[in-house]
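Taking it in order: structure first as structure tokens, then the write-up.
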Amino acid sequence: MGSVQHVISMKPFSRQQIESILDLADSFEAEARGEKKSDLLAGKVLTALFYEPSTRTRLSFESAMVRLGGQVLSVADAKKTSSVWKGETLEDTILTIANYCDVIAMRHPQKGAAEIAASVSSVPILNGGDDANEHPTQALLDLLTIRRERGTIDGLTVTLVGDHAHSRVTNSLLFGLANYDVKVILVNPPSLAVSRETLKYVQDKGLSVEETSDLAAALTKTDVVYIFRIQKERFEDPEEYERVKGGYQLDRAMLEAAGREITVMHPMPRVDELSTDVDDMPGACYFRQSFNGVMLRMALLAWVLGKADLD
Amino acid sequence: MGSVQHVISMKPFSRQQIESILDLADSFEAEARGEKKSDLLAGKVLTALFYEPSTRTRLSFESAMVRLGGQVLSVADAKKTSSVWKGETLEDTILTIANYCDVIAMRHPQKGAAEIAASVSSVPILNGGDDANEHPTQALLDLLTIRRERGTIDGLTVTLVGDHAHSRVTNSLLFGLANYDVKVILVNPPSLAVSRETLKYVQDKGLSVEETSDLAAALTKTDVVYIFRIQKERFEDPEEYERVKGGYQLDRAMLEAAGREITVMHPMPRVDELSTDVDDMPGACYFRQSFNGVMLRMALLAWVLGKADLD
Amino acid sequence: MGSVQHVISMKPFSRQQIESILDLADSFEAEARGEKKSDLLAGKVLTALFYEPSTRTRLSFESAMVRLGGQVLSVADAKKTSSVWKGETLEDTILTIANYCDVIAMRHPQKGAAEIAASVSSVPILNGGDDANEHPTQALLDLLTIRRERGTIDGLTVTLVGDHAHSRVTNSLLFGLANYDVKVILVNPPSLAVSRETLKYVQDKGLSVEETSDLAAALTKTDVVYIFRIQKERFEDPEEYERVKGGYQLDRAMLEAAGREITVMHPMPRVDELSTDVDDMPGACYFRQSFNGVMLRMALLAWVLGKADLD
């Protein structure tokens, strides 16, 4: 399978590859908005294979495919509707589904599932999230968003707020940011810190990482703040959740108090960790961020299907 | 959002707009039958966002889109598979999904949901039913059906039979019929009468409305009878349901007894309120009615996407 | 409905028709691999109507349709999301859905459902499995697989292993094989023998059928072995299942002991009836078999939609 281009993890991506992908994504803006018709992927078929339902990630991949003239086969909830319940292995499922299409975007509840899929697949696998492990297409669209919002990634201080212990987005984004000259601040309750393995990996690559639980202080030196949901279920003690959650919520007053021009990102969906009173601040870019996901996935599809070269 | 053309309610439609939409729908007949290929909406993307499953309405919208050369993203059961269960607001969902497509057809179990969606959406919202409130695309396809079956809408007596208290179809169709010179007879159990608000609205516009619970008598002066299901669950007393339901069922004998050429409509699915012995009567048009839905939704999609002007 | 070409059962197919369909299927190989773009079915619409979820059969039909330039409407789990639960008859559902598309591929949990659908449908019905009755598109792809793997069907000994009492694949494949000069060995527990009706039908057509429960002995004279899953639920006595199941499992050692060049087929998904140590034997063709399904369904779609003639 050596010549098939999968996207499983952010670790293998070089800075130059990332920049090329972001350039390619930018080039698809008119097509992503439906203002320009494309036949680049005409005759090509994507299977969206989602073992966990995720309307937004699935639709983002599917939109990217049809915006480039391709076609989509959709499995919105593979756990309920597929052969999985009959005891089939993931390898068999992938070997079969690869017969129906040219590329597979998958989400799976087990860490390493995308790697297993790639090990047997004759068509490219795009990892749309494998448990708390990695979510490389999200990391790439986040990098695209930072670059589009700030004009550059280098030189910024990027603050990530939330449950970093269980976040595939944190892992993948840190692996991506490690290619840039940025300072990262991780804000989280002490019990929900990023894995020591991820931390060591990016620090060995030279990334500056600070860990804290003081969001207000972090904001005073932040250019980009990226906030995730902290799930109540992650706490053994529900009372501890109630005690700490306020420290990881963001609103307009906190952003104004920081006295800086701050870009605000969120992977969505949000519940109460990000106040809607932020929505009309100029730095609030989370809906643009979700649009950027379509452009970014167009770039990945064009690349892995051999229809676009990276510089 | 002022320049985006949504379809939320039948109230804003003028007679001239309705007639133009029906003309446009008629013009798509060959394409709707798959006899003529169209690229009118090539490069355009519809999201079918159904918070309540409705195979028939969803497929009707999707068929309309692909028959005109467009593409479809499909959320067949948003309540189960989307972010809704994570507590996301409808506004956030719409702001995100609008990034993936050019138009959204939605069904939602809450009255007013389509209006909320339209208030934030950058792409047209087509209301595919919001609880017992409105179902404008159904009303338009019903008007198309009456016009195609009878050659005209003016001058007819249209009898609607069923639970008008909980029917979005009744509301929307009455708002539409109020633009025509028709007599309407509403047949229903007294406890399931149309809302006084809807009744006052259409009477103020000059619509003639008679309310009765005597179906047989109504049929003797009816040109078009449109029958809905009465759901047992709407009755507090199950015995009352059993007692009255026979009065709101239609069969061949009743139609023949009326001694008139009557057009018979039904929104489908039917259970026992409409006997299959009606199916081969010349006036039985409910399957043509469902075909008309494709043409009508083609017209709406072409219109809201700026690919067809109304006269 | 006389002029509509349905595919409900393998019984009506002549040898010449089968061979023509297989030839047509072979001709679509490049398109099925996504190496060649086709517009043969541009403007045509397939509805995949699955009352039982079957990711693989549904995606195979859908892939076939989009590979030929057609479009797909998808109902992945009609029992849960459709009007069925509202009590609608299958006839009404089909009469409605036929208004949305040009061809319907359906799976249904009731024997004879496809026949009922065909009796009212104005568009072709492709039976994708109706309970334990028939699965003609599977039988045709199995015949295609045998012909592609062995160069011929005539003259072979084909051994079918599993629960033949509840297998629609056994029924349909036997009806198909009865057109060829083959010997069939059925290996099964005595309580799970093929129906006497099916057996009589194919024997009357001249098919040689031997029934046994000794897989090892059968393999010594077998050219093609086709193994199915035996479901535990089919046994009244769970202990009997545990006692016999080992006799209906296939692995590399058994195949090597037979001392022949044996083609190994499986409809997938597999659990433990077919060992993965068979996968890299040259005769193991079950993943090629699933690819053949796309080509075969392309041929059927092109044929029933009038875009290809059979010789």
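Labels for the chains are A, B and C, by order of writing; each one numbers its residues from 1.
Just so we're on the same page, a contact is a pair of C-beta atoms (placed from the backbone, for glycine too) under 8 Å apart; a residue touches a chain by one contact, two chains touch by 3 or more.
Note that this is a predicted model, so its numbers are computed, not measured.
Novice: Shared interface numbers for subunit A and subunit C above half of all numbers used, same, or below, different?
Specialist: Looking at both copies, the contact residues mostly diverge.
Novice: Turning subunit A onto subunit B with a C-alpha fit: angle in degrees, nearest 5?
Specialist: With C-alpha atoms aligned, the rotation comes to 120 degrees.
Novice: Express in whole angstrom the distance between the two chain centres, defined as the mean CA positions of subunit A and subunit C.
Specialist: 40
Novice: Among all residues of subunit A, which ones touch two or more of the remaining chains?
Specialist: In subunit A, the residues touching two or more other chains are 74, 76.
Novice: If you look only at subunit A, which of its residues touch subunit B in the complex?
Specialist: 34, 36-38, 53-56, 59-60, 62-63, 66-67, 72, 74, 76-77, 229, 268-271, 287, 290-291, 293-294
Novice: For subunit A, which residues are in contact with subunit C within the complex?
Specialist: Contacts found on subunit A: 42-45, 47, 71, 73-76, 78, 80-83, 86-88, 92-93, 95-97, 99-102.
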